[in-house]
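Chain IDs A, B, C and D follow the sequence of writing; residue 1 opens each chain.
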Amino acid sequence: MAKIQYGMVGGGPGSFIGDAHRRAINLDGTATLVAGCFSRTVEKSRQTGQELGIDPDRCYATYEEMAKAEAARPDGIRFVVVVTPNVSHYPVCKAFLEAGIPVACDKPLCLTVEQAEELQRLAEEKDLLFLVTYTYMGHVTAKHIRETIRSGKLGKIRTVMAEYPQGWLAHEGDWGGKQGEWRCDPEQSGGVNCLGDLGTHVENAVATMTGLKVRRLLARMDVVVPGRVLDDNDVVLVEYEGGATGVYWTSQFAIGHDNDLRVRIYGEKGSILWRQEECETVIMIDEDGTLVERHRGGGGIEPGAAAYGRLPAGHTEGWLESMGNLYRSFVRCLQAKADGTFTVDMVDFPTVADGVEGVRFVHACLESNRRGNVWVEL
Amino acid sequence: MAKIQYGMVGGGPGSFIGDAHRRAINLDGTATLVAGCFSRTVEKSRQTGQELGIDPDRCYATYEEMAKAEAARPDGIRFVVVVTPNVSHYPVCKAFLEAGIPVACDKPLCLTVEQAEELQRLAEEKDLLFLVTYTYMGHVTAKHIRETIRSGKLGKIRTVMAEYPQGWLAHEGDWGGKQGEWRCDPEQSGGVNCLGDLGTHVENAVATMTGLKVRRLLARMDVVVPGRVLDDNDVVLVEYEGGATGVYWTSQFAIGHDNDLRVRIYGEKGSILWRQEECETVIMIDEDGTLVERHRGGGGIEPGAAAYGRLPAGHTEGWLESMGNLYRSFVRCLQAKADGTFTVDMVDFPTVADGVEGVRFVHACLESNRRGNVWVEL
Amino acid sequence: MAKIQYGMVGGGPGSFIGDAHRRAINLDGTATLVAGCFSRTVEKSRQTGQELGIDPDRCYATYEEMAKAEAARPDGIRFVVVVTPNVSHYPVCKAFLEAGIPVACDKPLCLTVEQAEELQRLAEEKDLLFLVTYTYMGHVTAKHIRETIRSGKLGKIRTVMAEYPQGWLAHEGDWGGKQGEWRCDPEQSGGVNCLGDLGTHVENAVATMTGLKVRRLLARMDVVVPGRVLDDNDVVLVEYEGGATGVYWTSQFAIGHDNDLRVRIYGEKGSILWRQEECETVIMIDEDGTLVERHRGGGGIEPGAAAYGRLPAGHTEGWLESMGNLYRSFVRCLQAKADGTFTVDMVDFPTVADGVEGVRFVHACLESNRRGNVWVEL
Amino acid sequence: MAKIQYGMVGGGPGSFIGDAHRRAINLDGTATLVAGCFSRTVEKSRQTGQELGIDPDRCYATYEEMAKAEAARPDGIRFVVVVTPNVSHYPVCKAFLEAGIPVACDKPLCLTVEQAEELQRLAEEKDLLFLVTYTYMGHVTAKHIRETIRSGKLGKIRTVMAEYPQGWLAHEGDWGGKQGEWRCDPEQSGGVNCLGDLGTHVENAVATMTGLKVRRLLARMDVVVPGRVLDDNDVVLVEYEGGATGVYWTSQFAIGHDNDLRVRIYGEKGSILWRQEECETVIMIDEDGTLVERHRGGGGIEPGAAAYGRLPAGHTEGWLESMGNLYRSFVRCLQAKADGTFTVDMVDFPTVADGVEGVRFVHACLESNRRGNVWVEL
């Protein structure tokens, strides 16, 4: 099958996330990068383009120019990857959607609920696929958990404890390199730091795995490390439709945690424990307290989830494969759209609708915190 | 050295906790049980007494009678252990204090702040030692953490995540045997279940290890398992004097957790992780993220803590030794009082003052919950 | 029920193991120490006796005197605990057996196969119970494994990997205190160090759990740390009757291991993993590779094993409880002998027969090693 | 920099390992597959070639034809990847070396010591780079361990315990799919199964990490699962030059182990523990028994090793990245050869010399086993 051609906005020199998306897409070898606006200056953009073997004519000075030019080409890109700082997600996505080009955008989707809803409306109107790259939900064990809960094995869910602590911004004066800089800058990150970066992952992981909808929440957002102006430690109490409850914790100064997204789900018939840093493993506890551990590639994994595995059990897959799995489904759907075989149930990736939920979540938290940690309906 | 003689109220047939206290005291062989009011009927009390080899004359029908009779004997008990359901802690402790007999009482100390303060005042007036058996703080690694934090190795503490989930009351209609019955009964437990049992352990563990004082808190207490009338899942947001924050979670339906008290403490210079079910181990994370694991009996344990160890490293100590360590310090202090060598800094066990803090904590949580999960000052 | 009275040989000042046996026996409160020959000088023996509240008349100068005197008393000891260095196990046990007194002896039983067989013959002739305190087989999870394998859940066993590394004697010139001194002294330990101490535990653990009999073995025993004259690192290849194989490793210089007895058993239908430092947990792996973890006190533990538990799940039991469980069965059998209710299937502790197997194992290893690491039949 | 073009022999339909090599090479995007002889029939070969987007003219019927044709092209492949069953490694590698084309060959290198030495001689004569893909040594933590030991932090190494158990061939009649079939077939695998597949990984891991050379060994190789004709469980006692010892265990029926390569290295000043299934972590134990855990991407990793990381700490890398790191160094060296900047110290991958050691190791084991498990010099 012919490779699909794609473009990228962001991902210039020193960008971790742009490089990571490119590697993840490379895993399956079904898409090729052919165009980009990698940086804010055309020189830097062309430099990155050259390193990546991109035709200089398709290294653009602005994303607006890129969207127009690529839409006009008969061999134009079939999707765009948006990996800029949060503040520019909205205008970039909008430009490509308006040009009729499907989008894969890093999370959080954008800064305001209005922006988010506009992007969703645009994607629907134009019938364009829209992937929001909540990386961790691509992993086989995350998909396995979703299927396990859907099948009723846990019974009614009673409570969820989820957290995502990191320690990389623990020290005063240490801004954690380029990424830390824009995340801690109210301008570029959109007035929220830790909760926007990590909290949205937590929100999406719980929503994806459990199917629960947040009814209301109560948030406390703290600015702790001297020198910071945005939140670096957040706790959110959550109440879901149907009455289950949850607690979400995120932090950027929790020394000892690298990237420690964990979800623990307690149902009336059992529990499930998952930790993204040990994402090859999923633990389920049965009614009588017996703990059962399963491994990606091994026995007892739901077939629809297991099918995403690329290596035998014990040949560890990780972050890149999780991200790659999002793109695998996204590219398959794009190909199916092209050959007329697409159906909605093929969509096995987080969409713009998930992105909208994430932005709503962040804004409800900001409001709760501003009003003194009170309950806010969603 | 001659053994100290003690008595017990509670701990009759089928009591787990009475038996456990007796075994823990036996560990060092420095105290002997010689009197008791083990049950509500004198027959059952005598039956237990007989099994334990107690003189029938010292098996009492009521605790009031026991307090008076033992106080009157020249060879009367030197302390009493109170292991009744929570509702009777207060009158029993009061009776013995008034009779001039030191008390070791299971936690929580009692039901109301007024009761608690009265017990504290009585103990102080009469200059009587008063142990509240927050078991887990007896462990070597818990003491090591307290000393490590006191010495400043973590710097200023920023946030604390503590939890104590259990799963033994997860199923509808299953009251967890005798203990479960009284804990879930508003009459006997004093109108609070999970938070009174587990929450007070969490509160005490954090206070003991960190020295932090709670300034205010916001609690949500839920009654979840069908058929329950008291809380079985609680979350408390805590703000300490000095500005640090904390989150406490307790549950009785978290299938997969046996008795899972965990404390994670994040400071500006490092972190400490501790789990009571793996209490032979303490994990500290240094400023650069390097994890250092130490073992009871092994290198790097604070000497004052290490001295409580009874076995070499890897010869596992557990719950009984933790409880035994509380009694070790308590009995030593009683002996020192007797021979005139006692000084206040010898007290290395939770006292009535800790018990009062626990009751205040519970009542602040109840108030916060009643008022819709708002902040309540302590 | 009246307490059984017992005596002790060894366990004087500075002895870890004597103290440990006393505490373990204390756990159930069914036996009381009333006599002893705690040290090689009568003064030290009396000093220990005084600390333990023993009548000075029953603190003996020699074990020979003690055996005779106690056998002659109408209220003489009902069993003796032998916790001397290995070299004197044989004469001490022999003296008490000949005096008609049951014995609980620390492992290894003695130095030569002839001695061992004589002790076994004596115990049988006189119909005396004889406990050899292979501590770790007292634990609930060890008993659970034995029952699980007996029931056929693993199918035919194919191979066993067992090890017991320690690190306490890793450093040149460091003899590890009093215990290390006699263990590393050929005179007192009987010409074998690491294999006699740790290897016999491994041999007994595998034999007890699996029921497999060693047919032949090939051993390599090394003296590694400068200054040592006895083995401090040993590897034994084992072939069992029926064709299964095993590998045993023991070491005293494996820095990082405290007391790390581990047994891994691989059968045709599943595997079992057990680690004494985490002895509250047992892991079984099913045919399809699914890992199932069970906890002492929790669901799925074999009832005969579970009955030994003293505390609820998550209230950790450890080394002392393991040792206490050996004595629990031993004392019960002694009581049953006294009241005429004893039957052989009540014996749930390692006996002199296990001790003999241990000595045979050590001697076969010594021979294999001396002959250049060749196979030696047992 | 222009991409290097490469070819592949093997890796046709259903091949796990061919696909895995291609993905690993893709990670850095520095080499492109342009030619192949993917299967034994030209039709299947062309089918795979078509799926991979290879020019049909460069899909060859035989490796001999491919070697000649590619050597003759001005734009011929710059290296060949050999991923056929073991039996054909030798002729394929030889053909390409003789044609002057560098080789990346899966391990074990080939079947006989003579073959291995001939390949080494050929590569040296023709000055051709030769990668043998011992995957696991590519990982950052494996490289970190090598550097740590080189720097003397462990002091003299005393003993090494290494193992590689798997469980995928535990069941009678289950040949584990295509891979299992050829591995268990004496013809295709070269008369050795488990030891050739897993044992060579163990041998290489220990040699790479520690730098120790095997002086002599004693092996026991068992055929256990009914129906097998080749070894499926092996134990090797090893003695290194300088006197250190080691034990290697490999198995294919150890239910519960997926792909469980573990190396534990005990030195006079500390120990190192490493497990490939948790390859993001490396554990070092200091002289006083304190355990220190470090993470790829985190503090304390040797810079030369850390530089291979592609993602921040906690963004897990796995098997693919390990393999990719071997190719990263190999491709860099090829590029440096091309532009004249190559120096020998740039070689940071296992070479034909490592492959020769692996074959010698296997043959010494076979001889030891054949002669009744005696010591065999290398």
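In the analysis below, a contact is a pair of C-beta atoms (placed from the backbone, for glycine too) under 8 Å apart; a residue touches a chain by one contact, two chains touch by 3 or more.
Remember, predicted model here, so these are calculated numbers, not experimental data.
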**Report entry** From subunit D, the most remote chain by mean C-alpha position
**Finding:** B
Report summary line: Of A-C and C-D, the pair joined by more C-beta contact pairs is C-D
Report task. Return the distance between the CA-based centres of subunit A and subunit C, expressed in whole Å. Result -> 56
Report task. Compute the distance, rounded to whole Å, between the mean C-alpha positions of subunit A and subunit D. Result -> 35
Requested in this report: Please work out the Cα centroid separation of subunit C and subunit D, and write it as a whole number of Å.
Outcome: 44
Report task. Mark out which residues of subunit B touch at least two other chains, giving numbers and ranges. Result -> 258, 286, 289, 291, 295, 298, 313
Query raised in the report: Tell me, which parts of subunit C touch subunit A in their complex?
Result: 286, 288-295, 298-300, 313
Report summary line: The residues of subunit A that touch subunit B in their complex are 158-159, 161, 163, 167, 170-171, 218, 220, 222, 224-225, 233, 235, 237, 245, 247, 249, 251, 253-256, 258, 264, 266-271, 273, 283, 285-287, 289, 291, 372-375
Query - Residues of subunit A touching subunit D in the complex - result: 1, 3, 16, 19-20, 22-23, 26-27, 29, 51-53, 166, 168, 257-260, 276-277, 279-280, 295, 297-298, 310-321
